[in-house]
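After the structure tokens below, expect a handful of questions from me.
Should a chain be cited, it is by its letter among A, B, C and D, assigned in written order, with residues numbered from 1 in that chain.
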Amino acid sequence: MNLQSEIPLEYMIVLSTAVFFIGLVGVVIRRNLITMLMGIELMLNAVNINFVAFNHYLFPHRLEGHFFALIVMAIAAAEAAVAIALIINIYRKFSTVSVDDVDELKY
Amino acid sequence: MNPLLYLLIIPGLTVAGITLVKDMKQVRLVAAVGMSLQLLWSFVLLYWFYQLRAAGHTEEMLFVSSTTWYEAFNIQYKFGVDGVSMAMILLTSIVTFAGIFASWQVAVLTREFFISLIILAGGVFGFFISLDLFTMFLFYEVAVIPMYLLIGIWGSGPKEYSAMKLTLMLMGGSALLMVGLLGIYFNSAPDGGPLTFDLTEIARIHIPRDAQLFFFPFTFVGFGILGALFPFHTWSPDGHASAPTAVSMLHAGVLMKLGGYGCFRVAMYLMPEAAHELAWIFLILTTISVVYGAFGAIWQKDLKYINAYSSVSHCGLVLFALLMMNETATTGAILQMISHGLMTALFFALIGMIYGRTHTRMIHEMGGLMKVIPFLSVVYVIAGLASLGLPGLSGFVAEMTIFVGSFQHTDTFHRVATLVAASSIVITAVYILRVVGVLLLGPVKNEHFHELKDALWFEKLSGVTLVVSIAAIGLAPLWLSNLIREPLGQMLHHLIN
Amino acid sequence: MDYAYTLWILTLPVAMFLTIGLSGDRLKSNAAGILGTAGLAVIAALSWFTAFSYFGSGLPESGFQPVIAAQTTWLAFTETLVIHLGILLDPLSVMMLVVITTVSLMVHIYSLGYMHGERGYNRYYAFLSLFTFSMLGLVVATNIFQMYIFWELVGVSSYLLIGFYYEKPSAVAAAKKAFIVTRFADLGFLIGILLLSFNTGTFDFAALNDMSGSAIAQPVTTVFMGLSVSTWAMLLIFMGGAGKSAMFPLHIWLPDAMEGPTPVSALIHAATMVVAGVYLVARLFPVYHFAAPDSLEVIAWVGSFTSLFAAVIACTQLDIKRVLAFSTLSQIGYMMVALGVSGYGDEGVGYMASLFHLFTHAFFKALLFLGAGSVIHAVHSNLMTDMGGLRKYMPLTHLTFLIACLTIAGVPPLSGFFSKDEILVAAFEHNKVIFAVQWFVAGLTAFYMFRLYFNIFWNSDPHYHHTPHESPPTMTGPLLFLAAASVLAGFVPFHDFVTTDGKPLETEFHTLVAVPSVLIGLAGIALAWWMYARKNSRPESVAQTLHGLYSAAFRKFYIDELYLFITHQLIFRFISRPVAWFDRHIVDGTMNLIGNTTVSVSVAIKKMQSGELQWYIWYFTSGVLVLTLILLYLN
Amino acid sequence: MSGPKIIFFILAAAILVFSVMSIFSRRILRAAIYLLFVLVSMAGLYYMMNFQFLAAVQLILYAGGIVVLIIFSILLTSQINSTLDPPRKSHLLLGAVTSVLGLILGATTILKYSFQASASAPIGTDMRTIGRHLLGTGAEGYALPFEVITVLLLAALVGSILIARKPKV
């Protein structure tokens, strides 16, 4: 299946940009650490779309974007694992997962 | 081994010795022995220096030795002395010697105090014997940094503020200086070839004019800050006011001289064209320094402030004379450095001793000290008379050489500046006599002062060393003047052409 | 003739100064006094011996020639500008040696009695030795810079001695004032030296005074602001001399200097140091005469004005030492006038007269001061209102004081008559106005001196607490000696020895000048007798009549107030204080501002480090966006 | 409107709508579920672009792994039906403004640029090709990153255990 004639690359990228910024809004507005993490996941996925789309549209003879996306996923998994471990630890310490209360590391 | 290196080794060993011994008494004993050796060694060096010169060694620098330190940038430990640096070494060892005895009774953290003090002195020695700009800069920093600790820990009054201010301003100076030195370095081979930090090498090379004009102000102001160039002098009153006695002595007596020495040996010597072209700006600034410092001193109430402003005035005279760029005036400038070094060290030593007794430095709270502590008072008067240029003491020799030398300049601007600067001798008389009158003469103001004890032996030793040095220069100035003048002919030839 | 022994004249006082000064209290007081006096006796003997061998060796064909007895290089500025320390013997310096050592010896002896039992007796003798050294070094200077060196040393000795009673605030203030005023004048001297040496390339008196030489030629022709450079230089040098010799308007320190011990006033502030200015002008007289005649004119007028001015003030003062101080001013004015009106060679009467007057004045003024000291010693007061009728109690003092007064009043055949007469002659030949002024001042001199005399020794007895008694022989001895000197000094054939060119000078007696001057002197004495010999109301009524003039003169024409205004109000308040303020608040303020700005900026932006993660994210993203925008629009 | 287009718009709409819902939902568990939908839709997108393997990994790893992890942590740290605080006005405003500006900036930049679609023949995306490349050491071989990632994952594994475990008192 060749999408090039059907859907221009720009659509894909605009879509990914939109998702990226939605994820950003999520990170900025939510104070719950877990929801912030979800926002970050959204952003990561947005980037993945880019990789994949560029691979598919511009360099179909190679697999770099594909592998990059794969690696990003792996890293996202590792990040999520560590982040969740941190969140649980923070919850134990502060009995909350709100970033507002976790601001010890300042000036 | 190069005999100059002992000037660094002796302080090093002294510091090592201080860390090993047990208590305060031993610490100061080791320090005193070390610095006495240093003083002795300086005289030995001076003797050798004369002998070598007499034996017909006419090269620019004597005792030269050079070891590559960092090859990639062509940085070397290059040491050597000429008459000017020899004189400065002598000054440093005398002041350090006196300083050790003036701080005989430091009770808090004695060990650390003496270590810092001797490291400071070692840095100064290193600076004066270095012939490599980088090594010079290194030792300069070595001399400046312990100052922060010495003032911040052993100081009095708003010591943290003063220490911070002094260090930051001097560091600001270093930053400018760094730019200037790197500028010199990167222009040290205009025709290709390896770059060099070697002072004598660079002197033979013509640094491109544009580069000179750009980097001269950096270098001159960088050193000038240390030499209390108006308007970068304000670290001096606060710093001196808070510093402990020996530190004030070393700082005003020796460290400020690094400024003048550097201005001459580095900034002007290596960048003569820029020196000629920009001299007028700095000449105006230094003339202001001279008169302004003197006027500022009149209105002060704290002994140390008075002295700090007087230092601004006198050190201004040093830079002023250097900028005249002729042999006599430059000789006068170096003489003035030495003279001012000795007498300001004496002043600060005395102020420290008086403060230790009366616990105040405000002149209006004291009075009639001549009656209760005659030794200190008499020495104070002698220091004052030296400062206001009494013949027979060193100040007169230096000032007269400067004025006569500066007046040889045929240009009206320079001569008018000379006259303005010369008028400072009257103002100096005003503030010195005012202090002497209020502080030492008149009736005893405070009943408790009747119980004050006069100087103890170490205080007497410290004071007498300096008074004798001042009088020796003042009574027989010819030997020192010749010692200083001898290398200047060549240097000024380079500078003028 | 080998004069190498004259070195001892300089080294002995130094040795004495160091011995007495460094030994401190270890030396018994009497020992210090006797040591000092003995040393000075030796020096005086050496000086007299020098004088006899110098003048006694017979007059050479070309007049007395200067001899350099010893010389060493002290400091070299350039190849030509070298400061030598040396001993120059010529008629002028030999005459000064004699005057200084003689008066100094008398003062030393006198002080044995006068200062007896004072605290700081050793210090006193140490300072006296220092002063003697400095003054001798000054007069034997071979070059102008050596002179300047000793000039400063003399200044500081004077400072130390005026402030001898250092616990007395007025003495401290007076010492300070004396030093600073003369220092200010010395600045002029220094600048003059700089100008002169720069233009001539030498400091040496020999080269400067050599009119055939080329040294002085250039500055004469170079013109700066309407006057030749040499005139400027010589005027500035005269400024130094005027400071030391307390010429108007730099005279204000001298009356205050009377705070010092009276023998010191006699030595320094009457006989020797204050005439240094006269000596300076005399030393450089050829330069003044040939290279800067305009400045000589200035000197004449300054001297003339000062003599009149001081004489008027002297008529109103109550403190006897101050009267004498103003009298000194007035007499030095005479000397300056004489130098100012003098010519060279055969016309050099004024020069000779000036130095002759210096010579005689040293004796009779020292005598007056020592006599006043004797009186003060007896009544413990300086004010003439506390005195009167003392001739009964102190016959020797009275006699010697009377002689001194007659001498200064110019009564023949005492020495003052001869020297003053020569001055009037010189003035008469040069300028009639100056002559008239000096003639009038001669009368004033007689009047105020006898006002003093009558008030002390005649008038009515003011009921003393202790009966005054005659001073001890250590004090009266010098008085008698100086009285004899005052009487006899006039017969010294001065014009054979000390002249402009070293050759003897023919002088003639001008009846036209001498008779009126003696007459006005006698008139002054008579007036003083009429007013003060007995207690009466005449002085008050005169003071009432001349109220404005009287009170102005009494307040010394408000010159002190003017100076006080200039120094305290203008310099301290309007220069020094703003400078100090400026430094603290503007210069230092700028530095602090830089520091404080750094701190406050950091305080402001550290809020950004809030610990709130979301803000960090927002900053980061916005930063990226802004950077992107910038990059986009740059390309 | 062709089939792929329709599918794309459906997927895109799903992604956008669910991601917006995910961040604005105040029920945290629901947010996680919406996130799951987004991720699944993305897998569809990958599938459309012929990256079946990637789509499968996306489903397994994200939908199956990370979202489950997130849900676990939600359950561990808060009540199921607890609601989140409404966003602060300032955060909302600044976040929205920045995002909208960023979106506009990004979109305009993208749309201004004309991408040249490649004409070269696509490489196969079958498992064999992927496997060869992923473990290949020659040109276009990704053995090194692969190994690095494995080390990273191991580190993350150890790290998260270490962080999350209860400290012994």
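Here is the rule we use: contacts are C-beta pairs under 8 Å (C-beta built on N, C-alpha and C of every residue); 3 or more make two chains touch, one makes a residue touch a chain.
Note that this is a predicted model, so its numbers are computed, not measured.
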Ask   = Relative to the centroid of every protein C-alpha atom displayed, which chain's own C-alpha centroid is closest?
value = B
Key: Contact-richer chain pair (by C-beta pairs counted) among A-D and B-C   = A-D
Key: Whole-Å gap between the CA centroids of subunit A and subunit D   = 5
Ask   = Cα centroid separation between subunit B and subunit C, in whole Å?
value = 37
Ask   = Which integer distance in Å separates the CA centroid of subunit A from that of subunit B?
value = 64
Distance from the mean Cα position of subunit C to that of subunit A, given in whole angstrom = 96
Set of subunit D residues in contact with two or more other chains = 91, 94-95, 98, 102
Remark   = Touching two or more other chains in subunit A are residues 24, 28-29, 31
Key: Residue list for subunit B, restricted to those that touch at least two other chains   = none
Ask   = Hey, which chains are touching each other here?
value = A-C, A-D, B-C, C-D
Remark   = Given the complex, residues on subunit C that touch subunit A span 606-607, 609-614, 617-618, 621
Message = Show me the residue ranges of subunit D that touch subunit C in the complex, using the header's touch definition.
response = 91, 94-95, 98, 101-102, 105, 109
Task = Would you mind writing out the residues of subunit C in touch with subunit D in their complex?
result = 614, 618, 621-622, 625, 628-629, 632
Inquiry  = Taking the touch rule as given, give the residues of subunit A at its contact with subunit C in the complex, in rising order.
reply    = 24, 27-29, 31, 36, 99-100, 102-107
Ask   = For the complex, which residues does subunit B have touching subunit C?
value = 165, 168-169, 230-231, 233-235, 237-238, 292, 295-296, 298-300, 309, 327-328, 368, 370-371, 385, 388-392, 396-397, 400-401, 403-405, 407-408, 418-419, 422-423, 425-426, 429-430, 433-434, 437, 440-444, 476-478, 481-482
